[in-house]
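Shared chain: subunit A. Partners: subunit B in the first complex, subunit C in the second.
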Partner chain A sequence: MSKVQKKTKHRTGNLKKVLRYKDISIVIITIALFTIFTLVNKKFLTKENLFIIVKTTPELGIIAIGMTMLIISGEFDLSVGSTFAFAPFIMASLSERMGLHPVFALIMGIIVGVGIGFINGIITTKVGIPSFITTLGTMMAWRGAVLLASAGFPQAFQRDLPVARLFAGRLSGFPVQFIWFIVFAIIMWIILENTRFGNWTYVTGGNRNASVALGIPVDRVKIINFMIIGGLAALAGSIQVFRMGSAYSNAGLGMELQAIGATVIGGTMLTGGSGTIIGTIMGTIIIFSVENIIILSGAPAFWFRTFVGVIIIVAVSAHVLIQGRRD
Partner chain B sequence: MSKRRVLWISLVAVMIISSSLFMVGAGTKEAEEVVPAKVGGAGLGYKFILVSHGSSGDPFHSVVKQGMEDAGLVYGCAVQLLFSEGDNAKQVDLMEQAISAGPDGIGISIVDPVAFDEVIQKALDKGIPVISFNNDDANTPNPRLAYIGAAERAVGYQLGKTMQQYLKRGDHVVIPEEVPGMSYAVNRSAGIIDAMDEIGVTTEELDAGYERATTTSRIESYLMGHPETDGILNVGGLTTEVAGMVVEDRGLENKVVVGGFDLLPNTGPAIKKGITKAVIDQQPYLQGYYTVVQLAMMKYGKFAAFDIDTGRGIVDTSNVDEVLELVGMRIR
Partner chain C sequence: MAREAPLYELQGISKSFGHVEALKDVDVQVYKGEIIGLVGDNGAGKSTLIKILSGIYAADSGTIRYKENVVRINNYRDSQALGIATIYQDRALVDSVSIYRNIFMGNELLTPYRFLDKRKMRKEADYVLNESISIGIKSSKQMVGDLSGGQKQAVAIARAIYFRARLLLLDEPTNALSVKESRQVMKFVKNLREEGISSVFVTHNLLHVYTIADRFVILSHGEKVGDFKKAEITMEQLEHMIVTGRSHVN
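This part shows the complex of A and B:
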């Protein structure tokens, strides 16, 4: 049965529409981890603690859902951390230095992010350089650009502006940014699972030659996915600016690997052609939850990263084993 | 996609990004015009290279750079600052390249007790004077000629001593560190612990990470898991800023005191609100400025090198407004 036929079959049935077959294992792992974490420390499942997790998850999570789309289509983007710093810096500068309306400044920032994605996509598909190399280069280039523009100093942004409260404020105490994360995740899920473009994304990453033979515009699919992740990285960086009240040129350092990590933990194959948005949401939540429980439990500073690494490997191994049995 | 369409879209993308850069660049230039008074130059014409372990995007090192560049202007010297972004091996490579460039003097931040000994000796053998700045090797012999900066352990102790008045015997303090193991973190936290031991306050170090979302989450998680915490004493500027925001966000202003280093954008307001009680300003401008001045004088008058302690400026509610004005001018 071809991947396209498999996908069509998956679309039937109500629950299966939401939880794709391969999502079940990561949902089981997440529930199992949450149960274990609650047994380890009863504070884990309190509203107060869950708010800590949902407050900071969206900045990584929004990038990770874009990364999922791109990896499924068979490419990487290592420049997301630099875009996360550069585009919001442009946004904050346009608003604070040039007096542009904050909403237009935000739109400009997102357009810059989309433009960076477009450039990554064009170089990768039209010049034929592997995206790993293209985005390694642009990662350094955009980090350099933000340093040049900022001279290394933070750019202030007013946290009490309506646009800042809209994207990083509180709604009855709940962090609004998490709602945006879920909104974008739903939009991306609909695009990936219920549109022709989503179908093309899977097939392009799964088998490029077959895709070309089927008449799928593979280059266009990849370029659009680069643009999506660029725009999402710009938006995620802007949310951090709204939350912190400053744009920093060193923001987003190491975020590219965290985003790829969240995507892979969620079951997306690095080889392309397979992965889900729900898996990535779970992957992002797992990363922050594991850190959270280890700190709640009082792990010593120098063992901290070791514990996080081990728990993530165990979680992904369990995910693979469960999925293997189901397959 | 047709070639013409690709060309047009590329053109639009490049135009948007470059026009944004241009506009931001114009703003940067405007901001730079208010920075320190340029008092002319003696025109010594020397060339110096400074090799830092820091990150080019770190506001602290940007102030070091500002001090260095201003000294270069005052004394008419060309100065260049290279960053290794926390990579010791890369810093050694940069030092080798600096030696090859044949400058009149080199400044280096020494963040490892042995890694730089050989390359510093190599520069001295070639007749290039080397002094250290910002970080120094205080524990093992090192051929550098002088140190310009603050003693890290003493700085940490100074913070702890300042914060003693807000804590009492039996209290508990967490010490978040952006990069545990780095010499600044090791020495400053040791100094803080010395001061806390004096008054019977327990301490615990926390690996807080260096990305703001992660740092926020980890400090919040710690407070959640350790409600007995009475203070957050930070070894770096990033965690100092985030800790102040977390304490305010969680409404713990009357329970948890914050102290730390440097004046990142949200730290000043936190001091004004009384959340962050005090921060130590390492006066990074002077570290960059005096490194260049010392190298220039060593070349100009053949003066012997000597250590300069760049001090420990304490910023609290009494002087925060005055200092913030200088932060805007990129001097503090």
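This part shows the complex of A and C:
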């Protein structure tokens, strides 16, 4: 954990200091929601049920980690849902139709994702149009491409391959993909908090002009973050293919907004320059807990979107109330 | 009296933007440990002169000398390499990250394994904040966004002096500050003079500049109309010169 947190433990009497710790509000929100959910349904906080949440979280979570870094650097990516379908479709096709070794097929799929990110980054920074527009365009373009390539039919992929078990198997009952999610979260956390590139990501999003004035290559920082989220979206989509045994052309529909939702629930500011990986992990878990409690309570699943929408607004309001507005 | 050679010397600097002559054949010398008040009405050419020194604009003609050698300032890096640091009006700080990350942004200290050496950065930042400019900042882990205007200015100056600036260019440094904060900023600019760091202070506030500067360079419509030591001119005369653009002597 960070030094800030260690230090706050020494000053537990000083509430103000504790409230300064940047992840405190998401911790409070998570505890509050979990308490409410447990009161609503006693089955919520059982091991079996938490396993269900843990199994479904990683695919969105891995994308949300990339989204967090990109938003911190001051940009968005709306095309991740399409990348989530397109790149794994390439992987499945290369492996099943062309007979390429599945591991190489996976690597190719991830290269496709990174390439999509690179294109988004180049267009956004070098042409100078907002990433919202760039990625809105590429979102439609890549979705169209995967629909065209698949003609709307799923592309089968063998589920029991070693590579599939490596990413979406079980380790004495525990879903392996959650371990990968945590591994990537830790890697990205280290990059963000403890490397020069991470520092550049924060300052580029926080004040672009200042960063340019101090010689930071802001365009390169943004392009690399676009490439990271592209690669992570391809990997997350591949995990779903490994899990389901098929690549679907409509996979990941609406996922870009869920990923942005998880990121902002976790306390990342859409204005750039601030945000944390830990917050995003909690934000993702919250989204799936909402889905889970709805199913547990026997309410119609259609409530899911409504609830997630409400939670986004409540969570961001709570961040503002707990930590104050930073203008 | 034979005086030592100037640290920085501008000679015959001219700069035009289209038909507008922003600077006409301007000479300025900056000596070690000296605070210069660069004054003049709007459009006098003060900002253009600052931007030439900080590498944003290139002069059309004229020479710049550092320690008597002719140098060229083509960009920000050249300016920084000559020990010139510009403290911008918006201070070039990032509100959403901590003080030490601001001080070291773009010049991060790394461990042998290429990770950020946060402990060393914090230590150095705390040292420079407390020893050189003491402004009541408790810890360099504080977010810059939580600081007052004067404290932010101090962080920007701390960054400059940490990276061995010998000349600070302060463009309207007290503009957005309260009276108390302005006084603090002026105090540590004065303290820096004791350490041999020179400053060029650009401001509209005559009271501020008259309190702090050792020498005044007065610009009017792109020309230098006066260059006086503080003892040679009163505040009223200075104000008169800025308004009329004429020397009080004649």
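Quick notes on this one:
Note that the second predicted complex is superposed on the first by the 289 of 327 C-alpha atoms of A that agree within 3 Å, B and C clash if a C-alpha of one lies under 4 Å from a C-alpha of the other, contacts with A are read in each partner's own complex, and residues count from 1 in each chain.
Rule of thumb we're sticking to: a residue touches a chain if its C-beta (ideal position, glycine included) is under 8 Å from a C-beta of that chain, and two chains touch if they have at least 3 such contacts.
Model, not experiment: these values are computed from the prediction.
When both complexes are overlaid on chain A, the residue A:73 reaches neither subunit B nor subunit C. A simple residue count on subunit A separates subunit B from subunit C, and the partner touching more is B.
Applying the stated contact rule after C-alpha superposition, one finds that A:276 touches neither subunit B nor subunit C.
In the overlay built on the shared chain, the residue A:146 is in contact with subunit B alone; subunit C does not reach it. In the superposition on chain A, contact is made by A:196 with subunit C only, not with subunit B. In the superposition on chain A, A:238 makes contact with neither subunit B nor subunit C. In the superposition on chain A, A:89 makes contact with subunit B only, while subunit C stays out of contact range. Once the two complexes are laid over each other on the shared chain, residue contacts for A:207 go to subunit C alone; subunit B is not touched. Judged by the document's definition of touching, no subunit A residue lies at the interface with subunit B and also at the interface with subunit C. Interface of subunit C with subunit A (complex): residues 76-77, 88, 90-97, 101-102, 104-108, 110, 114-116, 118, 141, 143, 145. Interface of subunit A with subunit B (complex): residues 41, 43, 48-49, 52-53, 55-56, 59-60, 85, 89-90, 93-94, 97-98, 108, 111-112, 114-116, 118-119, 122, 126, 143, 145-154, 156, 217, 219-220, 223, 240, 244-246, 248-255, 258, 288, 291-292, 295-298, 300-302, 304-305. Residues 3-4, 190, 193-196, 198-200, 202-203, 205-207, 209-211, 213-216, 269, 272-274, 326 of subunit A are the ones that touch subunit C when the two sit in their complex. Across the complex, subunit A is touched by residues 1, 6, 9-10, 12-14, 16-17, 20-21, 23-25, 27-28, 30-32, 55-59, 61-62, 65, 177, 180-181, 204-207, 210-214, 216-218, 220-222, 224-226, 245, 264-266, 330 of subunit B.
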